[in-house]
């Protein structure tokens, strides 16, 4: 390894919003890692990014960056459609990978990645479901795992965004928004999702053309648990994510706003987080720090390619369920031994 | 009228738990009314109840009590199956009625009552949906009516009981528990419920034999709004009723516990109301006081026979939906002019 | 007695804001009482008030009203300076009295009333400290009396008003505002207040001329407990009263706002009660109902003349403490046997 | 500099609880720094600590560690009595210092440090008042600095510990507990504290011998603001720190518990943080990261020697005030130009 005092050299693939944020994170926040290479098909942009980081080389091809002797690990933050190629390139060099969600955009390509990793014979990929690193979700997970309130029977989720960017579609409500609740459900309950319903009330008058907003997504798990999620992506008032687990002996909820409590102008309360960056910034930091720590000691933890594949399968069922309003079963292969 | 200083003489039909509580309420809490007669088929019990109240006569037949010259109005608190006869007897004397829910146990009998009241030519009945008199629900209703946060798109309800009495059935989860959310939905949104789904996760291990607990009830309204209700009647931890209205410009929620906030033994928080009596006692008081006040001035307000009939129709659809897991449409006649 | 079905005939002394509100309360809200007479030095006003109530006679002299054979009990709601005469007149006829706070404006006159009631040989007066009838304070009192969290060591109070009427003075901050915390302290802790400090920070820029607002009032009790109260009577944002009891094994707090919880326009939270009427309306109702109930059965309960006298003594010390910033001891006589 | 990719080599002075925690933090959490040397008078212990860190040299003398060419900066975490010597040794080599609170144990020694730093002609020291780096306090500070609710008039603080270690004294309640509220007050209000009162109610029955617990500490600021702090260091139920700023146009409060909200066993609420480590761990991380970042770019920020000296002066007044119960004025010199 080229590590100085064991510093991990990371190649960041993609220098858009997420990629640039990861470059900043690894450079300024994370202990034990540095950005050794950046990759983007936009040669000018990638050079500008690389110039601002000491000892960082720009590339326009993922495989070229991965061949750089200073590169010990790969963080994929390019658009989802480019993930499969980047993952296969990393597998070719047996490099550890942190892959932003989605693993790939659809179940078929996710399955190919899953099979490729199995051929390696060991896990190399951590998928970027960052909510698993959020302090509140971690506390909830810990309570459920301890069985503090008995077996969970239902989850109630709320996922609200102030607004959506232009071009946001119903399918994106599943792939970009509900995908987090899909992973959270599978992780918190430690069960696969077996069926999906999507109910669409009369939408918001001001919803972008063609967008059914809000929607109510209903999951069934293999253990017969029921999970409802309010998706409301143009709620206007801020970013709110909450989750209540209804267990046999009690309920536990996260996501109530807190921080500063104000009395002013006839009102009590506080401010709502404007966006996911503010809400989950520390989860992103913790995710990458944990990835760096486990990678430095040669281990792999966190959401796996199986988790990425299962999410893709549920998303596919969700998009079909959106169209029909009916219950749609999730088509999921057998879980390979590597991921048990 | 036999009113002294305008005091309303009330005949209370039924002296079980609810009836006895209304006798106490009218005697000790309510201004402007007194219990002039009590009725129960159990002659011993009704005599004991009457003896404890000054100027109160016991009867074993509703019609006989209604013929008592001291009786100005009728409060029906007998079992639901006896309501139709008592209502028709009151109509025969054109007496004002406060009828505990349900109006009658099924849509067919409710329709007969509805038609009988229409033949009278004016409203005489207020149905005992007491949540409409709860301070929190009234505030929420007021916010929705003002359009404070725009048009409501969804409601999220939770209805949790510590436990159920012996013999509680799935049908009673609809008729006795969900019926309150049925009325609340119709009242808050001012829309009819047009379809029902009931989803049943794997139940609580300790659920009484044959009871699916918890359940998720889903209503659609004529305006396309979506309403979900968690019914959990053996949650073990107390009685909790909450409602969040998701509107175009914000959400408003009632039912968070409050009162005394405690720090002790490693925990912050407070006590959960043990039962519906503690939670809705003031709503019952306010309901009866409002009924007395409007009756004394010759008016009729509050939930009508139409509301009682519509609730029965939705309950009937709900019980069918429980059996199938599918969407069931509500069969509801045309709303008569008297109830518009 | 002239009671019809035991209805208590009440003479209401004073028909200003508080008096008029009590006339309405007894007529429309309270069970078992009616307004038989009203008294005001303003003959026109008192006639108008009486005309609106069935069977109610107007008077301009308290003693004349008390001689009315329809009058069974007296509610004194005239200005504090007129209380002593009205109380002595009621004692002359041995009539039960609910006397709005203050009992009288100063310790000397309160002591005269105390002595006059002792000469009667039995309690006749309930003083109108209505917080003792507030649902939240009652729950807190109950927890303290049960010793749920052990012996109380400190109280933290907050008493905030949106604003003050013209002419509000520093002395009124003690006599009209802090007087409630004086009574609450003595009642919750069941101890006399032995010393007072008043600390005055640099006031609000917009405080009325000469008014030190906010102030911090500190009480010591005979048991060595410490009680701090923030008085802020021009806080601008609404009416807020809270109390936290710090006990040996935990703390218990009341007065957090609640009701409807809203997400809208970038904020979570709710509305602050605008004034004391909204906050304590039910406490007033409960206070008068309890007075009617105990009076009808010939008993006397609630805050006594001793409580009124002790409050006057602490107020007098508080006003002296305001001037000096120093610790001022409360001068309080021996508690007579009648009030133990 | 010996920095590799600009990595800051830190000498950690003291390897007790705080020192060991800082070694772990710099090694595993903080970006851009490493532990180059550790110092402890216990030669065995310091060797063990150094052996566990790559490239770290053990020393028994602070001055020797500071002479190590790999050392770029100093973190002092030894007992307070040893701070003055370590600070002067760092000044001799013009090294940047993060000095755990207290700067020194008393105003006289703090003044000597202050003068020594002035002779250097530039600031070198950041004092470890870590609450200034807590996310909640930072939000409150930001609101006050923006003037969101106008000028602050009062602060209400609560500082509760589950329990105290053996040998905890009244003086330590000031020096170890209240010192945080002293710094928070000066920082949030940007004013010096000019006078202190300490009121001591009858203590907790189970308080350690001689300890007055709880206590109420009252500060006045140069601008006439009033600050009260409940110190309760054997409250039994957990660790709680809260602060409410009462401003001309509203109040803002931090420190309400949050995280996971639970309904179970008749109670709603959540768990109380057991200790200051859990509550302020992220503040410690942020403090050290900020110190590393500013130091790497050659700057000095954060609490200064003046802040350390002023805290020592207020503590000295506080200890005198504890003994007398009277108002004690704080003796504070003129603020030197270097600290304006």
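Letters A, B, C and D mark the chains in the order given here, with residues in each chain numbered from 1 onward.
One rule holds in what follows: a residue touches a chain if its C-beta (ideal position, glycine included) is under 8 Å from a C-beta of that chain, and two chains touch if they have at least 3 such contacts.
Treat the numbers as computed from the prediction; the structure is a model and nothing was measured.
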Of A-C and A-B, pair with higher C-beta contact tally: A-B
From chain D, the most remote chain by mean C-alpha position: B
Averaged-CA centre spacing for the pair chain B and chain A, given as whole angstrom: 45
Rounded Å distance, chain A centre to chain C centre (Cα mean): 58
Residue list for chain D, restricted to those that touch at least two other chains: 235-237, 249-251, 262-265
Footprint of chain A on chain B - complex, ascending: 151, 153-154, 156, 199-206, 214, 216, 218, 220, 223-226, 228, 230, 232, 235-237, 246, 248-251
Chain B residues touching chain C - in the complex, by the definition given at the top: 4-7, 27-32, 34, 54-55, 135-136, 139-140, 143, 148-149, 249-254, 256, 258-265, 282, 289, 293
Contacting residues of chain C [partner chain A, same complex]: 160, 235-238, 240, 257, 262-272, 274
